[in-house]
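Just dropping this structure here.
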Amino acid sequence: MIRFALSRLAQVLFTIWAITVLVFALSHATGSPLDTLLPDDATPEQIAALTSRLGLDQPYHIQYLRFLGSALQGDFGDSLRWRGEPALGLVLDRLPATLSLGGLAVLISLAVALPLGVVAATRKDSWIDLLARAIALLGQAIPAFWLGIVLIWVFAVWLQWLPTSGQGGLRHMILPAIAIAWFQIAALVRLTRSAMLDVLDTEYVKLARIKGLAESRVVWKHAFVNAASVPLTYFGILAGSVLTGSIVVETVFSWPGTGWLAIEAIRGRDFPVIQAVVLFFAVIFLAANYLVDLLYAWLDPRVRHG
Amino acid sequence: MAAGGDSTVLKVRGLRVEIASAAGVIHPVDDISLDLRAGETLGLVGESGSGKSMTGLALLRLLPRPAARIVAGRIELDGTDLVPLSEGAMRRIRGRRIAMILQDPQASLNPAFTIGNQLFEALRAGDRSPRQGLRARAAGLLRLLGLPAPEERLQAYPHQLSGGMRQRVVGAIALASDPQVIVADEPTTALDLTIQAQYLALLEDIQKRTGVAILFITHDFGVVARLCHRVAVMYAGRIVEQGDVRDIFDRPSHPYTAALIRSVPSLTARAARLPAIAGQPPPLSALPAGCSFAPRCAHAQPRCLAQAPPELPGRGGAENRHVARCWRLEDPSWTPD
Amino acid sequence: MASIAPPLAPRKARRAARRRRPPIIPLALLLVVLIVPALAADLIAPHDPYQSHLRNRLQPPAFWGGSWEFPLGTDRLGRCMLSRILHGAWYALSISMVGIAIGAALGSAMGLIAGYARGLTDVVLMRLADISFALPAVLLVLALGVAWGPSLQAVLIVVAFVLWAQFARQVRGEVLSLRERDFVARARVAGAGHLRILLRHILPNVFNTIVVMATLQIGVIIILEATLSFLGIGIPRPAPTWGLLIADGRQFITSAWWISFFPGLAILLVVLSINLLGDWLRDRLDPRLRQI
């Protein structure tokens, strides 16, 4: 188990390193960052001064090491759009808003998808199964940002039950969280349902019934505990799609989180902030996946007890 | 031998199971009648696909849903018909009064829970006994089934036990609440020969102590000879012959049974598997009119193709409850050998 | 519930038969919403999609109190929404097709090479695939978005990046088992070179898998492209991509819902139809893929 944990950790660190290379390469892929840093009518002296200050006259590998060194210290430079603010500080300020929205979305998707998937499998071909399958199909076909707009139109504009956008209490979070959760619900329902169908067919579930256990116990203890590993594996991917979803949906709902920040930064060609966001998201995403892998291994008695 | 008199615990009459499959509606269990007395072992033999497992599952009302269902017949356990019972009432009978051992010990224990956990469940299902005695009773059961160091086994996960040990655990689960009837579906097929012999001896021993009635499903005539008091031979969803084990071996009365017995080289030889008889059993979706066995039968007559044979007294005699479904038995001097 | 019941109609059998028929409704929807508009928008669109009709700004759809001159209403510049959506189909179709072609070709080639060469090549390529998997596409989108600004190349790179690793893994797995089969050994004995074995003997056997996967991914790519365009980091203005149309309608959600609604509905119908088609293809051609 410890060996497993360490070797996976090494993979995660390697991936993060690869991402730093990618980010560095992209920042140099399109000419010099000076173009965005200096006014169009900058004098040659200004250009030369900034070039040597940023180390742009050094060879690439030296520049990369400098970039990596400051990134490790949390220094991504100052934002270009929000003058004078350190890029990392901006990201950290916005992070709680994103995490709370993403967390709510994950909760909603689990609370809806797992029971629905399980019940659909136990009542195969019933109306509830048809509903689950319809949701699974629709979830993959509806873009999150459009769903967000439709939700605003129906629930905020038309019915006026909930606010259209901005930050506030839980009421402000409901619509964006649903917009983010929708895709996850579809994927989780599909996975849970098919995993449950497989498990309900096993001999050990038959034996549980032979013992005369109540059907709820057969389904939730004997079947679900085994089927849950499939949606659990998916959880890592889910973390990624929540991040993606947050960027899009925060923009739709003007939710002041990291995702919205990223889009604003792109519009302002604010590379330091984007670098910070990309690396931060990558770390969150990989950490989530790493935890899921560990949990997965730990939940499987075959791995836990050699 | 079988306990005498009126000790029939399981009485099946005209049981019929229907499956709506892609190939059409089939009857993997068709008009089956069985009697099982306390302390008796009835062997249910037949080729693969003849409907043995379906029969076993039907007795516990655990047919694969929603495809399969019981469409006719009665299953009387101690005088109560199980067929019309509600699912809740049936659940109280499963595990407590009728239990089942599944074929594949590898697959029939839940990999996510310890042996103890799965045994406790079975024990608690049996009666509302207090929790504290549970551990001791579970260990006692495992010991009864010949598992060494039972206390430690309770903590183990299925993957940590060998196939033979797992099969014993499955046996312990079946016995946990002292049922009147156990359906054992090829419980030894997956085990190697030595362990198989030990396991059978154990079953016999337990049966002597508890008087449980066993419906023993198997392919293996060697096991039948060794363990069973009575035998029912299944072919294409029907029981074609049923009688005392001695009558079945010495005076087989159905051409199918006779062919099976003939092809077993020596009844004492181990693992004598059901051999191939020329030809294949007919697909259940396209049974011939008349006797299902007719296409493979050396004794077939024109009548056999037209009309299904009724149950007639076998050569062991009606008083020994020996019956077979073959037209030729109308002639008392006929033998299928 | 008592178990004695009347005989069950062979419902399963009928459903199995239905599976084997091609899905007519999705195919028809695809033609109407995507393919015909993509190829012939100029002929069927009632207006020029860029033409403003300033006197007819924010007209509602015909059935919502508007006129049949603009069946799906107009946007803030009085441009005909129906015409814009019809013209947008071309972007959805061409980008998803080109993107899938690039991603599938790249990924399949990597998978073929990795599975056939095995050894170090395999390890390196699969490690790269793992990294691609481990990176949410959105990160690349962000980085490229700021590096290049909105551009077609950026969209295609993101699409290829999202796709290649999936194709590579699946194809590699099949190649690993195919290369041990008799017909490959026979070809080798007959003196066929590696390239010939790969292209003539192995590729045809994984082709079904590639086609099915590609179909199942088209919907993903259409949504990805729409998302990028919605965020302003996809296909640059003024191309009337469905994503951009939705973005333009966002600020009018309180007064003119139709601007955002119909382009999204087009995406929904198209992706739904393609996925249904993909499921059907998978059942027909490659049931092993069912788990995906």
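Letters are used for the chains, namely A, B and C, taken in the order the chains are written, and counting of residues starts over at 1 for each.
FYI, contacts are C-beta pairs under 8 Å (C-beta built on N, C-alpha and C of every residue); 3 or more make two chains touch, one makes a residue touch a chain.
Keep in mind the model is a prediction, meaning the values are calculated, not measured.
Of all chains, the one whose CA centroid is most distant from that of subunit A is B. The chain pair A-C and the chain pair A-B differ in C-beta contact count, and the higher one is A-C. One inter-chain figure worth recording: subunit A and subunit B are separated by 54 Å, centre to centre, where each centre is the mean of the chain's CA atoms.
In terms of their C-alpha centroids, the spacing between subunit A and subunit C amounts to 22 Å. Touching two or more other chains at once are residues 66, 87 of subunit B. Residue ranges on subunit C touching subunit A, taken from their complex, read 130-131, 134-140, 142-149, 219-220, 223, 226-227, 230-233, 243, 246, 249-250, 253-254, 257, 260-261, 263-264, 267-268, 271-272, 275-276, 291. On the side of subunit A, the complex with subunit B involves touching residues 124-125, 202-204, 206-215, 221-222, 225-226, 299, 301-302, 305.
Only residues 11, 14-15, 18-19, 22-23, 26-27, 29-30, 137-138, 140-146, 149-150, 152-153, 157, 164, 194, 240-241, 243-244, 247-248, 251-252, 262-263, 265-267, 269-271, 274-275, 277-278, 281-282, 285-286, 289 of subunit A touch subunit C when the two sit together in their complex. Residue ranges on subunit B touching subunit A, taken from their complex, read 60, 62, 66, 87, 91-96, 99-100, 102-104, 107-113, 121-122, 125, 157, 159-160, 170, 173-174, 176.
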